[in-house]
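Chain IDs A, B and C follow the sequence of writing; residue 1 opens each chain.
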Amino acid sequence: MTRILPRAAQAVALPIVLLAIWWWTSASSDSFYFPPLSQIVSTFPETWLTGGSHSRLVTDVLPSLARLLVGYTSAVVLGTAAGLLIGSSPTLRGLTEPVLEIFRAIPPPATVPLLVALAGIDNLMKVLVIVFGCVWPILLNTVAGVRAVDPMLTDTARSYRINGLSGIRYLVLRSASPQIMTGMRQGLSIAIILMVISEMFAASNGLGFTVVQFQRTFAVPEMWTGIIVLGLLGVTLSLAFQAAERRLLRWYFGLRQAHRQE
Amino acid sequence: MTAATRPTSRWPSSRRVPPSTMLGIAGLAAFAVVLEVLPRLLQLPSNVLPPLSSILSALAGELRTVAFWQAVQDTVVQWALGLSIAVAAGASVGVLIGSVPVLRRATASTIEFLRPIPSVALVPLAVLLFGTQLRSALLLIIYASFWQVLVQTMYGVVDVDPVADQTARSYGLGRWARVRYVVWPTAMPYLATGVRLAASVALILAITAELVIGSPGLGQEINAAQSGGATALAYGLILVTGIFGLVVNVGVRTLERRVLSWHVSVRGEVTQ
Amino acid sequence: MLDVRGLNKIYASKDRQVEALRNLTFTVAPGELVCLVGPSGCGKTTLLKCLAGLLDPTAGDVLVEGKPVSGPPPGMAVVFQEYGRSLFPWMTVAQNVELPLRVKKMPRARRTELVTDALAAVGLADTPSAYPWQLSGGMQQRVAIARAVAYEPHVMLMDEPFAAVDAQTRADLEDLIRAIWERTGVTTLFVTHDIDEAVYLGQRVIVLSSSPTVVQEDLTIDLPDHRDQLETRALPRFTELRTHVYAEIRAAKHAVLSAAQR
């Protein structure tokens, strides 16, 4: 018990200190751009929660999250499927590698104006932006993971006539999953950035749109609450991802630890 | 195996280009052909997907303008400046925190909390404070790139072999000497990875700043081209950013290989 | 059951050609336990891969149950030397043993029965939900053997399965193989570099020459059917047989050396 307490205390010590510093230094400030933290906190409920089904939570945050989810999931499915295909065929890989590297090197925000022109400012455009942006790390990491499957395991599977779809399901996909998850992690942070950018650039609703509106109308405390919401979103998604990773890759972490102890 | 009676030659008798390169070139060529033929075949309007030749000729024209090179310079300056500051700050803070276990434990939760905050969240703040000046773009770029470098450097410092460190101590090496001869070589590959990741993140944020905040640069040029109806030019400029990204990536990797040529084989799994 | 005729395998790279197997001809009758022994580098693994259908020979035929082999044949199970890399680390012991049966679309009840029996037969009845990397080397190899046994193969190929295991574990595993063979009567081809092991286990021992490999000798082991680590190895006939095999192998090595010196 006494060991747990100091550890938990250590974890929250610095954040509490920093928050306290923020609170106290801003309390007496009359800077327009840095309102007191107390004011920011008090503005929170009315900015986001009041209005029931018309609250910004429902009209802006949820649609943003929905777009993010659809875009990200589509990118995962597309990237993994294409990665499996390309990774299993050296010919296909050789053919597509340079083209894929070019696509991956294009900073995703650069494609936003084009996609707005092509797909309008509605949900389709935003989902497309997210998909186009975050499919590349997923795809390329899947290819790497498929290539790295231990040939000994492949031989074993072949000898037991585990081929084709069964091979992909039981061998390739599971073996490549650590690498695929790395790609998915990179893809997630890109997806969040793109979701926000696409809404800041051209939109009629959404988290990014709302925050930019606050800034344009100089509603500074509200703007800060928006920044905090975005921050919380990033953190929550990251934690959720880590939890999922820990569960799915339990075997991998165990294996690595066993090897390290040798 | 019968013993060889003639010496094995050092160079293959026929210098053949590796087949993967041939395939790569073929793939690129095929892609170029599709990009040229498909829009014409499907008679796509020029504001959806112009054929490759239109894109390239629009780009060629743009390359002759001063405005283009000014925009390139703006983007590169933002990117390079932001990246350098982020690397300097991230590396030094990373070494500091990484070498002191107490600091590491104390800051772990804060870092894990601040790190996933998307730097685009700071866009409105940047606009309010600095408008479209360089500093607003720098705010975004530095914030995003700093974490990449910091985290990787910390991994590197933590990875130092305790036996090597103790050996150095027993030979009387002071703190700074140890940092130079033990910590630095171990941390360098991690730092290199951090710089590579930060470089690409910095480019993304630079373009973002140009698009959303309106700082001068390639992002703005793309926006202007698109709203002016010059779709072929917009595609061309997007290609330019892609090439810049590629050059940066290849450049950093080459630098990595050169500087770390003694280490690449020893490098273990590098978390990305 | 297993019929090898004129098996020839040449590895061709752009600079040179290596003739790993020159001309191998031998048969294994149904229900026999035959050991293959030869000096290091004599292409034992190449031979095994050709037999298992994992490698295509340059010339010659391999027939399993009368049918030519052109890919891993059904009814054949292979146990590899590198047990650590032939078990799927993301599956538990039981799941590993069950996998080939699942892919064969066997009904669940029968699968569970076979898996439980196989694990009991190799002495791992109480570790079904452990992961392979949590087990010792000897136990991992037992899992691989259980997987082969559960598959109910007609032919079992073993490629130096105990080479990477310590001597005491090896003795236990040798007896395990013998016991399984006596119980199931499955045709077994056991490749090893350990002469004592080959003589102890086999009904016949096929001695391979050095590379380029041919069958040097096909020796019948006339030791009593009941083999025991202490008693059988103490028999004078055992010593005669192993000395004979050892002499054959040494002669094979010298033949190569003197040919090289010419």
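Just so we're on the same page, a residue touches a chain if its C-beta (ideal position, glycine included) is under 8 Å from a C-beta of that chain, and two chains touch if they have at least 3 such contacts.
Keep in mind that what you see is a predicted model, and the values were worked out from it rather than measured.
Asker: With chain centres defined as mean CA positions, report which chain is farthest from chain A.
Answerer: For chain A, the chain whose C-alpha mean is farthest off is C.
Asker: Please state which pair of chains has more C-beta contact pairs than any other pair.
Answerer: A-B
Asker: Where the centres are mean C-alpha positions, what is the separation of chain B from chain C, in Å?
Answerer: Centre separation, chain B to chain C: 51 Å.
Asker: Between chain A and chain B, what's the gap in Å when you average each chain's C-alpha atoms?
Answerer: Each chain reduced to its C-alpha mean, chain A and chain B end up 19 Å apart.
Asker: Centroid of chain A to centroid of chain C, CA atoms only: how many Å?
Answerer: Averaging C-alpha atoms per chain gives centres 49 Å apart.
Asker: Can you check the complex and tell me which residues of chain B touch chain A?
Answerer: Residues 19-20, 22-28, 30-31, 47-48, 105-110, 113, 115-125, 127-129, 200, 203-204, 206-208, 211-212, 218-219, 222-223, 226-227, 231, 234-235, 237-239, 241-246, 249, 271-272 of chain B touch chain A in their complex.
Asker: Considering the complex alone, what residue numbers of chain A touch chain C?
Answerer: 150, 152-153, 155-156, 158-162, 166, 170-171, 174-175, 177, 251-252, 254-255, 258-259
Asker: Spell out the part of chain A that touches chain B in their complex, as residue ranges.
Answerer: Per the touch definition, chain A meets chain B at residues 10-15, 18, 33, 90-91, 94-99, 101-103, 105-114, 116-118, 182, 186, 189-190, 192-193, 196-197, 200-201, 208, 211-212, 214-215, 218, 220, 223, 226-227, 230-231, 233-235, 237-238.
Asker: Quick check on the complex: what are the chain C residues that touch chain A?
Answerer: For this pair, the touching residues of chain C are 49, 52-54, 71-72, 74, 76-78, 80, 82, 85-86, 88-91, 99-100, 103-104, 131, 133-134, 147, 151.
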